[in-house]
Amino acid sequence: MDDFDIEYVAEPTLEEPVLIEGLPGVGHVGKLVVEQLVEELESQLVCELFSTHLPPQVSVEDGITSLVSIEVHAIETDADDLLVVTGDHQAQDSVGHYGLTNAILDIAAKFNVTQVYALGGVPTGELIEEYGVIGATTTEEQQAPLEAAGVEFRGDEPAGGIVGVSGLLLGLGKRRAVPAACLMGETSGYLVDPKSAKAVLEILQELIGFEVDFGSLEERADEMEDVVRKIQEMEQSAAPAPTDEDLRYIG
Amino acid sequence: MDDFDIEYVAEPTLEEPVLIEGLPGVGHVGKLVVEQLVEELESQLVCELFSTHLPPQVSVEDGITSLVSIEVHAIETDADDLLVVTGDHQAQDSVGHYGLTNAILDIAAKFNVTQVYALGGVPTGELIEEYGVIGATTTEEQQAPLEAAGVEFRGDEPAGGIVGVSGLLLGLGKRRAVPAACLMGETSGYLVDPKSAKAVLEILQELIGFEVDFGSLEERADEMEDVVRKIQEMEQSAAPAPTDEDLRYIG
Amino acid sequence: MDDFDIEYVAEPTLEEPVLIEGLPGVGHVGKLVVEQLVEELESQLVCELFSTHLPPQVSVEDGITSLVSIEVHAIETDADDLLVVTGDHQAQDSVGHYGLTNAILDIAAKFNVTQVYALGGVPTGELIEEYGVIGATTTEEQQAPLEAAGVEFRGDEPAGGIVGVSGLLLGLGKRRAVPAACLMGETSGYLVDPKSAKAVLEILQELIGFEVDFGSLEERADEMEDVVRKIQEMEQSAAPAPTDEDLRYIG
Amino acid sequence: MDDFDIEYVAEPTLEEPVLIEGLPGVGHVGKLVVEQLVEELESQLVCELFSTHLPPQVSVEDGITSLVSIEVHAIETDADDLLVVTGDHQAQDSVGHYGLTNAILDIAAKFNVTQVYALGGVPTGELIEEYGVIGATTTEEQQAPLEAAGVEFRGDEPAGGIVGVSGLLLGLGKRRAVPAACLMGETSGYLVDPKSAKAVLEILQELIGFEVDFGSLEERADEMEDVVRKIQEMEQSAAPAPTDEDLRYIG
């Protein structure tokens, strides 16, 4: 086994696809978007990426185990074809983040990907009313169409830069001359945030031109609203409020 | 010295053996089972696995030192031959867990192992009355015979998946097409748990068809009962109760 | 991508240049000096050094991303030519510090660098009146000219040695027979310290014989004075004083 | 630069020398013994061992820097020749401990070392009256002569085994068939302990047959006695006692 090991299970013919990455992160925004795409549209598992820099772990579903991996699915839409990248875990260390990203870009090169979108959340520290989507790109040319679709560019935001595989898809993508953009939904940062995911997904629809059902994302958003309402009631009553830590990634 | 170094000391002829792994973990359940097998049945050291990813340490017995290693013993039974894997330590990092597991599967391949059992404990957080054994497998076919022997499959349990070498024996075993199952004895998680080990060992006997004396495991269980009783008395008296940390792995 | 990857963007002809390193560190002294040189003199980006041992991160400026890197700029002065090394981050681990330093020394060798200056701050733990500059060198011959320029040598100071890339430029430089010296401006250690940077820059001017405008460094020093004054007023009033952590790297 | 890099500066002709290792550790016992040998007897630097797994750091003495290294000195005595190994730092990680130890054993092989002594301290947690020296060996044959010289073997002590380079010199030495023993001076574990070092040095003299002046070790022991006395006075007075942390490695 190599440190980074791509195992192909299908080799679909895709026409200059767009790659969309949504690994776990702030508010699980990127992961929620990509899960929605894989579940609601017709998707095909293309390959799994295994690595000694991912956690040494299997998940269990109906008593059957699956080794921790990054999965790449192909989706054919009326508009551009998609390659979507997701998983339940990030790399364990810096070398792992670089290696996974390079492997993802190798897969992108194999399928002649013309554009990379890395999805994520940007924490605001407070509950959100209007869900803005902030952008960052590897080149200036990408910004006008993104702005036309509703993405905001705010100078040097996010101030701390973009970390992990999302950041490196832009950093290493730029070195490999693949146009790449990061779309970050605003989110409190305290909770899994389907509303932020919906805002990002609306932008993606507009940009790429496909349509997807929002049903399950809206359901999940309603569930989270209930959670938030209960928290607010608890705060107003005498009960001690849950800490930030309690709220992080409820759901 | 390579990062993962197998040193063979014997090359017994085994017929399609079953590999049983019991490294330290929750309640030391897996390790207790495997120690019982090595001590009570006629066993032969086959190889030691050394690694720069194990702790940089020697143990001392009668003033003689032994380098930290994973040991593999061969046991011939009336039923299937066994290869049992144990040791006093886990790997220090993720790369180590993957590397050790691959080395163990290399050993399994050399001896034409037909089935892998990874043993462990699953923490319940409370003292146990009935010791259930939960299973997870790499393939569906393995589940019926395990259920017949008393193993329970409970949907997505354990919720956190299975970590370390036990988990990877299934994760990497599946990729190498070796049937592998994990048997996890329920245990409080606070104490070394010979009773949970006994429950797992009874399942193994049934599955494989060998017989082993339970004497020393039962003795050890009685000792632990005394420890638990004293703790309960202390809790009922005014003395401050020992913390979880105090109780962890007493014995 | 290699673990340490030098990407050349220009190959200027330099005559036996002096290499000056200023990465982030105590009081950001070295980084401030090098930024001043790059901004005030005519500079040209020569190469970027990327590494899997740097943080997995991009920075964002005007919505455009840049992968974390170490940058090397060439500056032609009336006196010696300069190669200046800077960046926003240090390596993440020990192997990274060694690897980055060796890559920097490879660049130095390519341009026939005759002298290396590693710049930094030495923390005194108290606010400074007179900003001394302490030196350490790989060879005795370097000390007389440094002392003539105002650098102090104080026996075994700094007591804890010199860590990170600055330290290794001397440690590995000595092994490669490149004369190397470390110039450390005294600084409280609590704040970004443009005054300490100015003291180091004055020494460099004297040593190498170039001239640079101090304007922006002095402006920044004035801003920091305001910060310090406000802190002192807060301390004298009843308000709870900011902690050391609050003050670290304000600015 | 390799990960582990031996740089020879002299190649003395030694007759079947004994290798003695004393790196920093509990009570600095091993390091104190080896420093005494290098200072009091005629010693010659044979090689330095550099590694990317040692701290990225230089020390400074009279303004001149030295890269962190492990040093090996040769000492010719009336009895056996000695190769003594010391330094100011341990490796940073498990891979580093294994790699440094293998490099030391490569040096031992080059000079046909016939016996390895790894020196250290064993913490007792209380102030010591009689300084015992506990032993551990790779083979039984080594124990009788050690016992005759006053070394005690106490079953499975030290219970936690022996960690770091000292432990691995036995663990990896055994695999390379070099007789190796660890001599551990009892020490409180709270303070640098020259008395414990003296007890270990007396055993070494007896074993190998050389003689060395104890002057500076005894001086240092007297200084430490003063420190301990002051601590005891402070404890008896109303002043709050220094914590364990305060006392660790005073001196």
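The first chain written gets the first letter, and so on, giving A, B, C and D; residue counts start at 1 in each chain.
Rule of thumb we're sticking to: a residue touches a chain if its C-beta (ideal position, glycine included) is under 8 Å from a C-beta of that chain, and two chains touch if they have at least 3 such contacts.
Just so we're clear, the structure is a prediction, and the values are computed from it rather than from any experiment.
Overlaying the C-alpha trace of chain B on that of chain D calls for a turn of 90°, given as a multiple of 5. Although chain A and chain C carry the same sequence, what matters here is overlap: shared residue numbers make up under half of all numbers found at their interface. Rounded to whole angstrom units, the spacing between the C-alpha centres of chain A and chain B is 37. Measuring from the averaged C-alpha position of chain A to that of chain D gives a distance of 53 Å.
Taken residue by residue, chain A touches two or more other chains at no position, since every residue touches fewer. The set of touching chain pairs reads A-B, A-C, B-D, C-D, using the touch definition from the header.
Residues 91, 94-95, 97-99, 101-102, 135-140, 143, 153-158, 161-165, 167-168, 170-172, 174-175, 182 of chain C are the ones touching chain D in the complex.
Looking at the complex, you find that chain B touches chain D at residues 1, 3, 7, 50, 52-68, 92-93.
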